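Structures for review follow.
There are two complexes below, and they share subunit A, which is joined by subunit B in the first and by subunit C in the second.
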Partner chain A sequence: MKYVERLMPQLTVPEVPKHSSYPTPSGWVPPREEALSLPYQVRRTKNHMLPVYHEQTHQNRHCVHIRKVEGDIWALEAALKEHLQQLYPEKQLASQVHEVARSIRIKGHYIHDVADFLISKGF
Partner chain B sequence: MASGITEKALKLVQSLPRLSLSNIKNLPHSIKKTKRRRRDRQHGKTHGRGHKGQGQRATLPRLGFEGNNTPFYLQIPKEPYYKDHELRKEYVPVSLLQIQRFVDLGRLNVKEPIDLSSLCNTRLIQVKWEQKQFGVDLLDEGADIFCARLNIEVQKASELTIAAIEKNGGVITTRYYDPHSLHAVVNPAKFFAKGVPIPRCKLPPQNEIAYYSDAKNRGYLADPEKILHARVELAQKYGYALFEYENEEEKEMLLTRKDPRQIFLGLAPGWVVNLKDKVILKPKDPEFVNYYKS
Partner chain C sequence: MLKRAFCILSISKNSFAKGSFGNDFSIIHFKSLSTTCRCFQELTQSSVDTLDIDGSKHLPKQRSLPIITSRKLEYVSQYSQPKQAWLESLETVDENKIGLIDLHPDVFGAFPRIDLIHQNIQWQKLYKKISYETLETRAEKRGGGRKPWPQKGMGRARHGSIRSPLWKGGGKAFGPRGPQSYFYMLSNNLRVAGLCSTLSIKFAQNNLHIVDSLEIPSDDPEYMEDLIDTRFWGFSVLFVDDTDMMPRNISLAVQDLPSFNLMPTYGLNVYSMLKHETLVLTLAAVEKLEEKLLYQLHRTERQAKFRLYQ
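Right after this comes the complex of A and B.
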């Protein structure tokens, strides 16, 4: 019967086990407490991942979608645009802030830069 | 209310005449006209068939015939979109990076053998048999960062994937599930709730049996000795030393394998699981026992 119990799924997402060093082999970094004191916060998803997604429509329209933004969403948008402009000075950056859905969309293939920026902030 | 729709509706109901047979109508197409015989002046004489010829004499050729020249439906060439569609199989792609992430985040337990049931129980991977998906294809994205030691059972795996897993001391087997067994494997909780005997897994079809009998793919039907040779060969090819196991328990766990007819580890085909009373019922009739043992 223990084999049957082993086949039963876990009904809730388990807590992340403690690792000796971060980032973990797969590149996962835990969120830091200090990040909550910033004017804006980006919460992790229920699977402990960053809520940053790459959206693509048609063959060459790429967007970065950042969800679960709390606090001053416009300040985060300004910070992100400043950071990306420094990395890519020649590029024009278009962005959308959705205050009700608490999300930001940035046009371009910048998902890794955005993720690195958010992790450096501690989210 | 500005429009006063309710008041208007009530006034209408007050002013309309009483409901009677003279002022109600059937819903459209609710009553079909009965087919009547063609006897009257309009439908008599030729009875809708015209004059002489094949039309009246009921000797018209088949539909699409164009007087013996190649008809339209044969002139246009055919694109065989659905040729061999029943033989096409899909495998859900899962990378080594994803597996490493699941292990890091505690979604997969490395101390137990990992098979398709454990992967689907995380609810992060879905395998749908209705869409001709036959299991999981382990991809080699993340082979450079992979460092988990696990006993994994998938449906397809490339050479680099096998090397990455065996380099860290793990064990990989590739195994086939037929659609009926897959339905049970993918959601064991839902399957046990049905109270149906555990099915006996069928052997792979003709075009897949070669893959699963090959030791290079670590197939479940391959000769275990050949698999040991293949392990040594792969270690030499990719330049790593074969792992030496110290812990006996871990070694035992890594070497556990399912029987080719078995779909759940520790449970034999033919058994019925009673989840409510937490009891397993096993068949006693010799006919059933022999069938499920074969």
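Right after this comes the complex of A and C.
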């Protein structure tokens, strides 16, 4: 029966199966418990992915969009900017904090750096 | 003997936690009671019947301390704790608390998105709207086929018809044209977020009450008014139950009171929740709402590209 069940469509997203080691072959890392102690949290999406997106307008305007921020959103924005400034000292960083929608936008093509930063924090 | 089911403790490893650290995270939780309203009534009704000496069924026995139970909540994130609410009863005019139950944080503790609530209310008002305004154009107005005076020689402005938009009594050039519908569908996620935000706001502002069932002892409207005045439940109350077949007594008590309304879960909407000051949910309604809203929040997007309204 299990061979039939695994072919049937799933209505809700299941939990991630336990792996022996992380990161998984696709590069997925689970959230860690130490992230609970920070003043801000970034919740995973329903598909267990980081809510970090790359937005591009026209040919050369790149933004990083971080959604689902809980807690002190300004503290997360300050931490992100400090981290990115260390990586790119000569760049000017512009950011927007949307308190009602609980999201942060940073101007620039920094999506991988932001994702690495959030994973290092344990989100 | 009344079974004291809530005294049983058990250690469970996977009850609330979701995510990879489930194995390291063991918590103690009370063994969950079956949470349908009938089960609660079975627990307490047996004690009521034995004391029914003088025939007054309206006075339940002095209950012991409220039962503290835990409900099985699914998809609980590691970052949020379940919210807690009193489980009350409508059997007496005075407030009586039967128990304390857990509510899902994503449904009753979501961040209040006022912009999404506004979008939901606008949608609820507009999608049913059909504007029947019509104004006739110059072609539809009676008359106006003949040139009123010759083009030249009169010393007057040149005109072709007495019903042009320039003339008094003439047609409207770009006016409203016939029945126009303002129908549109808000996307699924926005409607779900609106419902979760409104429920969270009601809970946070102490306007949400959870009741075991909508059974009341008498069908007198005064009983209902006294109950709501005593408990300070506000000017208007919306009672939400699991099904659309409501108990007889409350239906009769509430039918001539315009500010108290009964509603099944499938009729729950942002506009009604905001219109009524207090929201009273039965336990069965809470279970059903949580199940439906959590399904929407966690469903797969397999059929997204084939859905008409996403």
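What we mean here is this: the second predicted complex is superposed on the first by the 116 of 123 C-alpha atoms of A that agree within 3 Å, B and C clash if a C-alpha of one lies under 4 Å from a C-alpha of the other, contacts with A are read in each partner's own complex, and residues count from 1 in each chain.
The criterion applied here is as follows: contacts are C-beta pairs under 8 Å (C-beta built on N, C-alpha and C of every residue); 3 or more make two chains touch, one makes a residue touch a chain.
As the structure is a prediction and not an experimental result, all values here were calculated from the model.
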### Message
Per the contact definition in the header, classify A:41: touching subunit B only (first), subunit C only (second), both, or neither.
### Response
second
### Message
Which partner chains sit in contact with A:9 here, subunit B, subunit C, both or neither? Use first/second/both/neither.
### Response
both
### Query
Which of the two partners, first being subunit B and second being subunit C, lies in contact with A:58: first, second, both, or neither?
neither
### Query
Which of the two partners, first being subunit B and second being subunit C, lies in contact with A:101: first, second, both, or neither?
second
### Task
Look at A:33 in the shared chain and tell me whether it touches subunit B only, subunit C only, both, or neither; answer first, second, both or neither.
second
### Query
With the two structures laid over each other on chain A, which partner does A:1 touch: subunit B (first), subunit C (second), both, or neither?
first
### Query
Given the touch rule stated above, what does A:25 touch, subunit B (first), subunit C (second), both, or neither?
first
### Message
On the A-aligned overlay, A:17 touches which partner chain: subunit B = first, subunit C = second, or both, or neither?
### Response
first
### Summary
subunit A positions within both the subunit B interface and the subunit C interface are 9-10, 13, 15-16
### In the complex, subunit C residues that touch subunit A
18-21, 23-25, 77-80, 111, 113-115, 295, 297-300, 302
### Task
Please name which positions on subunit B make contact with subunit A in the complex.
97, 100-101, 103-107, 112, 117, 121-124, 142, 145-148, 188-189, 192, 264-267, 273, 275, 278-280
### Task
Would you tell me which residues of subunit A are touching subunit C in their complex?
9-13, 15-16, 18, 22, 30-33, 36, 41, 43, 46, 70, 100-102
### Query
How about subunit A: which of its residues touch subunit B in the complex?
1-4, 6-10, 13-17, 19, 24-28, 47-48
